[in-house]
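Below you'll find the structures, each written out as C-alpha cells.
In what comes next, chain A is part of two complexes: it sits with chain B in the first one and with chain C in the second one.
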Partner chain A sequence: MSLVLDLCLALAVIGVAVWTLAVRGNFPAVIGFVAYGLLLALVWVRLGAVDVALTEAALGAGATGVILLFAVVRLRGGKAEIDAATPSGPQRIAAGLLCAVVGIGLAAAVVTLPEPAPSLAAEAARHLPALGVANPITGVLMAYRGLDTLLEAVVLVFAVLAIWTMAPDRRWGGVPGPVFPVQSSGPLSLLARVLPPIGIVVGIYVAWVGADAPGGKFQGGTILAAMGILAWVAGLWRLPPTSARGLRWAVVAGPLAFIGVGLLGFVIADGFLAYPPSLAKPLILLIEGAMTLSVAAALILMVAGPPEGGGRRAP
Partner chain B sequence: MSLFLALFSGITIAVGVVFFIAGTVALLRFPDPLSRLHALTKADSLGLGLIVLGLLPWAGGWLAALKLILVWLLVLLAGATATQMIAERIRRSGPPQ
Partner chain C sequence: MIFGLTGSALVALGLYGLVTQPALLRKILAFNLLGGGVFLLFGVMARRGAVVDPVPQALVITGLVVAFAATALALVLVLRLFQITGAATIAEDEAPP
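Moving on, here comes the complex of A and B:
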C-alpha cells in the first residue's frame, strides 16, 4: 500500500515538474511551481523529515510562490524586454544538458552510497541532552553546525539589501512595494481581520516547538510574515518606510543576536559559537526568538520589493 | 467499542474520500469556472470535515484532536475566501460564455 502511495507521489512530482517546465506563460508556470513544492513537502513527510517538509511548504512553495507571483504581475507589459532577455534555443538545450549531467551525477552518488550509509545520527543524538533541546534537527542547526545557520541568517539581510538597492535614488528610504487601498468589505478584508490573531499564535507556537519537535524559526517566521503580508495586501497595515529605524533593527536583530552569542562563546565557553552546557538552552532560545522576528521581517520586505513610494525629495 | 470506532472511522473517511473524488471530477467535467468553483469548494470542505471526523478518535489526546479541528476550520476559512475572490474576479471580467 505504502509502495503504491510512494510511486504515485514520485510520478506526480515528476509529472508536475515536467508540466511546469513545458507550460506556456509565466502564471501557469508559477502555479505549477507551487504545486510542485507542496508535493515535495509530502515527499519529505514520507521520508520522515517533517522539519524539511514544513520548511518546503512554508518557504519553498508558500513564500517563494508569492514572490514569483508578484514578479509575474510586474513583468506584464514588458514583453519585448522579456523576449530580448530570454535565452535562445541552443542556450536552453545547453542549460538542460548541464542540469541532466549534474542530476545524473547526484543520483549516481546517492545510489552508490555504502550500505548502511555513513551517519553521525547516533553520535548527534547521544550529545543532545547537554544542549537541553530535544529536537535533533534544532540541535544540529543551532549547536553542531551553528556557523552554517549563522551564515543563512546573514544571507537574509543581504537579500533585503539587494532588493532595496533596486530602488531609484529618489525613492531611497521610501515605503517598500505598492500601496494597497484599504478594503473595507469583501472576503479579503474579512480574512485579513480574522486570520492574523490565529496565525500569529500559530507562528509563534511553530517557532517555539522547534526546540522539542518539528518546527523552528524559519517555519514560524514564514507564518508570521504571511500574516503581515495578508494585512498589507488588504490595506489594513501600511509598511513602514525602509528608513524606519525599528524596521531595520527587526531585520538585523536575529543575525546580531546570533553573532553576539557567538562572540560571547569566547568568554563563557571555549570559542566562537560555543555554548556552555548550563546556558545552551536559553542562549539557543534567545537566538531562535530574535531570528523568528528577523525572518518574518525579511520575508515581508522581500515580497514587498524595493521602495516605490515616498523616499527623499529629488535634489 | 474499538471495533465500533474503527467501523465509524472507516465509513466517515471513505465517504470523505468520495466527496474529494466527486469534487475533482466536477473540476474536470463542469463547463464554466463558477460552477467548477461551486462544486470544488463545497465537496472538498465537506470531504475534509468527514476525514477529520473519522481521524478524531485516533488523534491521541484532546489537544491533537483540537488541532485537527482547527486545521479543518482554517481550511474552510481560507478555501471560502479564495473561492469568493476568484468568483469576484470572474464576475467582474464579464458574463460567462
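Moving on, here comes the complex of A and C:
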C-alpha cells in the first residue's frame, strides 16, 4: 500500500515538474512550482524528515512562490525576444540527451549505493543529553554543525543587503517594496485580521518546540514572516523604512547573538562555538530566540524587495 | 529507492530547463527544480541507515534557506535588469538598448 502511495507521489512530483517546465505562461509555471514544492514536502514526510518537510512547505513552496508571483506580475512582454532566444530543435535534443545522461548516471549511483549505509545517527544521538535538546536535527544545527548554521545566518543578512543595493540611489533608506492600499473588506482583509494573532503564537511555538520535536528557528521564523507579509499585503501594516534602526537591529540580532556566544566559547569553554555542558541549553535558546526574530525580519525584507518609496532627498 | 530515482529525474529535468529555457524567470524556476532534486537525493541517503541520519537533514534545512535567499536575490536582479534594459533574457545577439 505504502509502495503504491510512494509511486503515485513520485509520479505526481515528476509530472508537476515537467508541467512547470513545459507550460507556456509564466503564471501557470509559478503555480506549478508551488504545487511541486508542496508535493515535495509530502515526499519529505514519507522519508521521515518532518523538519525538512516544514521548511520545504513554508520556504520552498510558500515564500518562494510569493516572490515568484511578485516577479511575474512585474515582468511583462518580451515574448518576441524570448522566442528569438529559444534554442532550435537539434540543440534542445542535444541538451536533452546530455541531461538524460546526467539523470541516468545519478540513478545508477543511487541504485548501486554501498551497503551498509554510512550513518552518523548514533554519533549524533550520543551527545544530545549534554546539550539539553531532544531533537537530533536541532542538535546538529546548533552544536555539531553550528558553524554552518552561523554562516547561513550571515548569508541571510548579506542577501538582504544585496537586495537593498538593487534600489536606485535616490531610494536608498526608503520603504521596501510596493505600498498596498488598505483592504477594508473581502477575504484578504478578514484573513489579515484573524490569522496573525493565531499565526504569531503558532510561529513562536514551532520555534520553541524545535528543541524537542520537529520545528525550529527557520520554520517558526518563516511562519512569523508569513503573518507579517499577510498584514503588509492587506495594507494593515506599513513596513518601516530600511533606514530605521530597529529594523536593522532585528535583521542582525540573530547573527550577532550567534557570533557573541561563539566568541564566549573561547572564555567559558574550549573554543569558538563550544558550549559548556551546564550552559548549553540556555545559550542555544538565546541563539534560537534571536535567530527566530532575524529570520522573520530577513524573510519579510527579502519578499518585499528593494526600497521603492521614500528614501533620501535628491542631492 | 523510488524517491532516489525521482530525485535523479528531477535533477535531469531541472538541468534541461536551465539550459534550454531562454527567459530568466523560467531559468530560476528550473534551477529551483534542480535544487529540489539534489536535496531529495540527499534526503534519500539520510534514510538508508537503520535509523534516520539527522546530519543530512539538518544540512538540507540549511540548504533550503540559502536557496531561498539566492532565489530572492536572483529575482531582484532579473527585475532590475528588466527595469533598466527591458530585457527578459540574456541572449547574446540582442541589440544594445
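The criterion applied here is as follows: the second predicted complex is superposed on the first by the 279 of 315 C-alpha atoms of A that agree within 3 Å, B and C clash if a C-alpha of one lies under 4 Å from a C-alpha of the other, contacts with A are read in each partner's own complex, and residues count from 1 in each chain.
Heads up, the rule we're going with is that contacts are C-beta pairs under 8 Å (C-beta built on N, C-alpha and C of every residue); 3 or more make two chains touch, one makes a residue touch a chain.
This is a predicted model, so every value here is computed, not measured.
Of the two partner chains, neither chain B nor chain C is touched by A:73.
For chain A, the partner that touches more of its residues is C, with chain B and chain C as the two candidates.
Judged by the touch definition given at the top, the superposed model places A:134 against neither chain B nor chain C. Touch criterion met: A:198 reaches chain B, while chain C stays clear of it.
Contacts of A:263 after superposition: neither chain B nor chain C is touched. In the superposition on chain A, contact of A:20 is made with chain C only, not with chain B. When the two structures are aligned on the shared chain, A:162 is found in touch with chain C, with no touch to chain B. In the superposition on chain A, A:186 makes contact with chain B only, while chain C stays out of contact range. Looking at chain A, you'll find no residue that touches chain B in one structure and chain C in the other.
Across the interface of their complex, chain B is touched by residues 186-188, 190-191, 194-195, 198 of chain A. Of all residues in chain B, only 74, 77-78, 80-81, 84-85, 88 touch chain A in the complex they form. Within the complex formed with chain A, the residues of chain C that make contact are 1-17, 19-23, 25-26, 28-30, 32-33, 36, 39-41, 43-55, 57-62, 64-73, 75-80, 82, 86-89, 91, 93-94.
Residues 3, 6-7, 10, 13-14, 17-18, 20-21, 26, 29-30, 33, 36-37, 40, 43-44, 46-49, 51-52, 55-56, 59-60, 63-64, 67-68, 70-72, 74-75, 77-78, 81-82, 84-87, 91-92, 95-96, 99-100, 102-104, 106-107, 110-111, 113, 116-122, 124-125, 136-137, 139-141, 144-145, 148-149, 152, 155-156, 159, 162-163, 166, 216, 218, 295, 298-299, 302-303, 305-306 of chain A touch chain C in their complex.
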